[in-house]
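Data block below; observations after.
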Amino acid sequence: MRYSYLGPPGTFTEAALLQMPGAETAQRLPTGSVLSALTMVEDDDADAAVVPIENSVEGGVTATLDAVSVAHHLHITAEALVPITFVLVSAEPRPLETVRSIATHSHGWAQVRRWAEATVPHAEFVPASSTAAAAHGLQQDPSVADAAICAPLVAQQLGLHVLASEIEDVTGAVTRFVRAAKPGPVPEMTGADKTTVMIPLPEDHPGGLMEILEHFATNGVNMCRIESRPTGFGMGDYYFSVDLEGHIGEERIADALAGVHRISPKIRFLGSYPRADEKPQQVGPEVSEAAFSAAHAWITALRGNIR
Amino acid sequence: MRYSYLGPPGTFTEAALLQMPGAETAQRLPTGSVLSALTMVEDDDADAAVVPIENSVEGGVTATLDAVSVAHHLHITAEALVPITFVLVSAEPRPLETVRSIATHSHGWAQVRRWAEATVPHAEFVPASSTAAAAHGLQQDPSVADAAICAPLVAQQLGLHVLASEIEDVTGAVTRFVRAAKPGPVPEMTGADKTTVMIPLPEDHPGGLMEILEHFATNGVNMCRIESRPTGFGMGDYYFSVDLEGHIGEERIADALAGVHRISPKIRFLGSYPRADEKPQQVGPEVSEAAFSAAHAWITALRGNIR
Amino acid sequence: MRYSYLGPPGTFTEAALLQMPGAETAQRLPTGSVLSALTMVEDDDADAAVVPIENSVEGGVTATLDAVSVAHHLHITAEALVPITFVLVSAEPRPLETVRSIATHSHGWAQVRRWAEATVPHAEFVPASSTAAAAHGLQQDPSVADAAICAPLVAQQLGLHVLASEIEDVTGAVTRFVRAAKPGPVPEMTGADKTTVMIPLPEDHPGGLMEILEHFATNGVNMCRIESRPTGFGMGDYYFSVDLEGHIGEERIADALAGVHRISPKIRFLGSYPRADEKPQQVGPEVSEAAFSAAHAWITALRGNIR
Amino acid sequence: MRYSYLGPPGTFTEAALLQMPGAETAQRLPTGSVLSALTMVEDDDADAAVVPIENSVEGGVTATLDAVSVAHHLHITAEALVPITFVLVSAEPRPLETVRSIATHSHGWAQVRRWAEATVPHAEFVPASSTAAAAHGLQQDPSVADAAICAPLVAQQLGLHVLASEIEDVTGAVTRFVRAAKPGPVPEMTGADKTTVMIPLPEDHPGGLMEILEHFATNGVNMCRIESRPTGFGMGDYYFSVDLEGHIGEERIADALAGVHRISPKIRFLGSYPRADEKPQQVGPEVSEAAFSAAHAWITALRGNIR
């Protein structure tokens, strides 16, 4: 198994990758961008890619995944959640007050700014291309900075000295990552699943989204994420990127998506896969498999009588 | 073929019956009430009943039809529209100004009151049990009244003399009638059909009807009639009596009703039948049979890949 | 106070009238039809009319009320519920088995048919123009029938002998009546109110009713009755006759009706009045008067800042 | 006037800033992150900030703006659209085939990868902290790279030599930027406006978003952007970040937002401001100012009659 991922080694993305089954023994191939990681899969240079799906310190963007999925038919087969927490590290142990320069990515620096002002007020910020690169830099070129701010994983991998941990200004942040692969078997239903779809909307009228959501509502289907995006690049027509609670194997998901397909036949199915939080699906009696079966049997009997 | 109908002979209901195929040669059995006409069908004393479905001069009530349909499983197999127009008749020709008493049903009198005040101001109203009975009365007992107000059909059947016609205060009224029979073959689709259903609603909450209508809306199904009624007789829970534009043989009707069945499994199908006005069904592209087929094929293919 | 009502004396309608405040001492003016009762009000021959609003044994029809309300601007100012129960009466005491003929209205006969077949199988049905007229007939012309089936009120008023009571085949039926008067003060809010409106719908399209109901749904307004009807008489365009739970004095009712007015500016307000069943209004927190006030204050503050 | 913006000088963000009225003569203060630019406004070190609102090559994130808006009450007062196009530049003129190393931001590199592979296949990618930094680097330290890929603005500002232009793999991309300032006067209505709000949703149930959208639908309010996001950082409850077509000064926007306020009283208004594309607002007759006025007058008259 070969995994491409948004590198360099030691990122939060690699931490997400390590949650995937068999990841410890898999080949892990870092890349310079989300796009590169996905391209490796389409080019058969990797079997799957792990990339951030929501905005994060490392900048992963759903839009990229969407674009590649459409162009190259990638599907999502798993997701992972990684707590976003930072450490201040140095190559050798040293007192905090001696730290005069700190390398990290500008997004990372923004997330620890208040801590830094309070704790290491005289330290200068040295921009790096990623938080992991900043950590690697401490060993490669000690003259660049006295310390780095990075993810715990890279500190551990490189054997760096942790001067301070959990230094993020806002605690509790979690970023979501997905595994993307070429279309193949859809993971089986677990009872705690998500389904991701892209729904283009030809026209931009007040009721457009409502018409789509009514198909979800009448089938008791909850969305756990929705984002509108411009399609192509004219800022004109747009599509919705949506995560649904449930699995395409369920009648209620199948019925809702069939209804949306009638409105927007270019809808793209990007995968059904287990939820990282394993929260079991609640299904009301009117959208249970039994309710669908009973309704189907009733209609079939009625239609059997047509002259 | 034996037809029961709301009599006596010469009513608007008989006029509706005469619109049914083969009615001329059928046995026509007048009854004293809508309930009696329907009961004859359930007792196998008639093959079908013709009764008014909307409020009319003769008082037919949907509620009665609903009650009998549920208790005895009658289905609707046809509908007819009859213009409601009245004539003033007498047994022998006579000048209008000599008419001092006019027999008719109180509902009929109410519908010609302004004409009567203007044209025969000195004539007294003599109540009769129906407009047709008033007409028959002129021949049976000339002492009851000088003239009668009734439907054109009975005047023609009895050879009465028409003193004035189209005397109704509001012109253009039309009443709808249906043919009810024991469940059997559903009339085939014509492209201009109606479907009648009864939908019980267990709870009386703000969104209850909305949830039902959303299934119609998402399937492009139009209602041409809706009436809420108390179920049973506690004035508490209620049901909706609904006419839909379309035929159970259409995917969009079947899909909508299957959805409503999940919410309200005691829904009753009362029939799919040709529209009396023969207005062809308009169907949007997103609810065409082709759209349903394409959606179904897409979902089936997706589900074929589940591990 | 002068009340017109659907007569003759002793009907269920008079029983409803007697529930109105001050009815005992008011002048009670029976009429031959719902239309006549309403016309007396518009002609200033009565101060208010009491008429059945739902289909009943005596045939009152909402459509008539609607028509008159629109043409002559009558409003509803009260409602009453009357249990529908029948008695078999005779002029003098006599054994049940000696009853060979029974006078009543055909609708009344239909409602006791099973009881009659089981209890007085040899009795012949003699049609009368109303159940009350049948009762009066026993005293006026004893040759017409041995007994009559009528409402308890008329039996009591005429001092007739009750041979059997509660003889209706279906027990528990209740009919609703309303008091209609010329527009004047709207009855004050009681916390258990109804509001009646007529909503014309210019076009007959799948989403038409939905658009109206969304205004009710977003304001937490429940309907306790809805009926679609053809407007005028071409069976084409139609309107909805609707009862809402609540009073025009409430923000949620006012906001919902204002929204409907934008879609259908010919909407007619027919009155806000206390519910006969006195069931108190339940109002969710998001549609409470406090929620409306807070929202209004927020918007006003925001708009105060516009340059 | 002092503008902070996501720097360094020469970015697409500065290009957006230059579209603001009076920008040419304003003080332009580059910062290292979106967060820093916004913080300068809250600290009164700048009068307004210009930041990317959608994902772009420079990584601006709506989430950051949302967070700061809530914490520090910033409002949006303008938006700008900037075409995303890249140039390949060098310090001195040189043939393309001599370019062996190219500095740029990794996101920028991803967007020109196909062009680079086809045109300068032997050139090595040298990561920089931003595309503008790469351009500046050519003058500051010629040893880092032979060329840089950057926005046209910075090439022009630094007098660099353009070796190739419009080299992006996907043409036509446009990024949206906003101007954020402390709450003050809301820009006046132009007839082509947007309103941005944040709507927290306490519970994650199937109908939650529908309930909000119904307020938009009943008021004819179109959304041009919607994104769901986790609130705080437990990945649990979430909010919607929404752009509406229209201005808070319009009745339809005010009415819709008042309705949403009742469901979600913690809704945040982030501003009404002119659309960058100047597309005039289309308003249906049922949500025109006249329709709102007429509805309001009708309700006020009705309520004036309450006893």
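Per-chain numbering from 1; labels A, B, C and D assigned in written order.
Please note the rule applied: a residue touches a chain if its C-beta (ideal position, glycine included) is under 8 Å from a C-beta of that chain, and two chains touch if they have at least 3 such contacts.
What you see is a predicted model; the values in this text were computed from it and never measured.
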Subject >> Distance between the centres, which are taken as Cα means, of chain B and chain A, whole angstrom >> reply: 59
**OP:** Indicate the whole-number Å distance between the mean C-alpha point of chain B and the mean C-alpha point of chain C.
**Re:** 22
Original post:
Can you list the residues of chain A that touch 2 or more other chains?
Top reply: 214, 217
**OP:** Counting only chain pairs that touch, give me the topology of the graph as line, ring, star, complete or other.
**Re:** ring
Original post:
Which chains touch which?
Top reply: A-B, A-D, B-C, C-D
Original post:
Given the complex with chain D, which residues does chain C contribute to the contact?
Top reply: 183-189, 211, 214-215, 217-218, 248-249, 254, 257-259, 261-263, 265, 269, 272, 286-287, 291-292, 294-296, 298-299, 302-303, 305-307
Original post:
Which residues of chain D touch chain A in the complex?
Top reply: 32-36, 39, 55, 59, 61-64, 81, 106-107, 109-110, 113, 125, 127-129, 133, 170-174, 176, 204-207, 209-210, 213-214, 216-217, 220-228, 230, 232-235, 240, 277
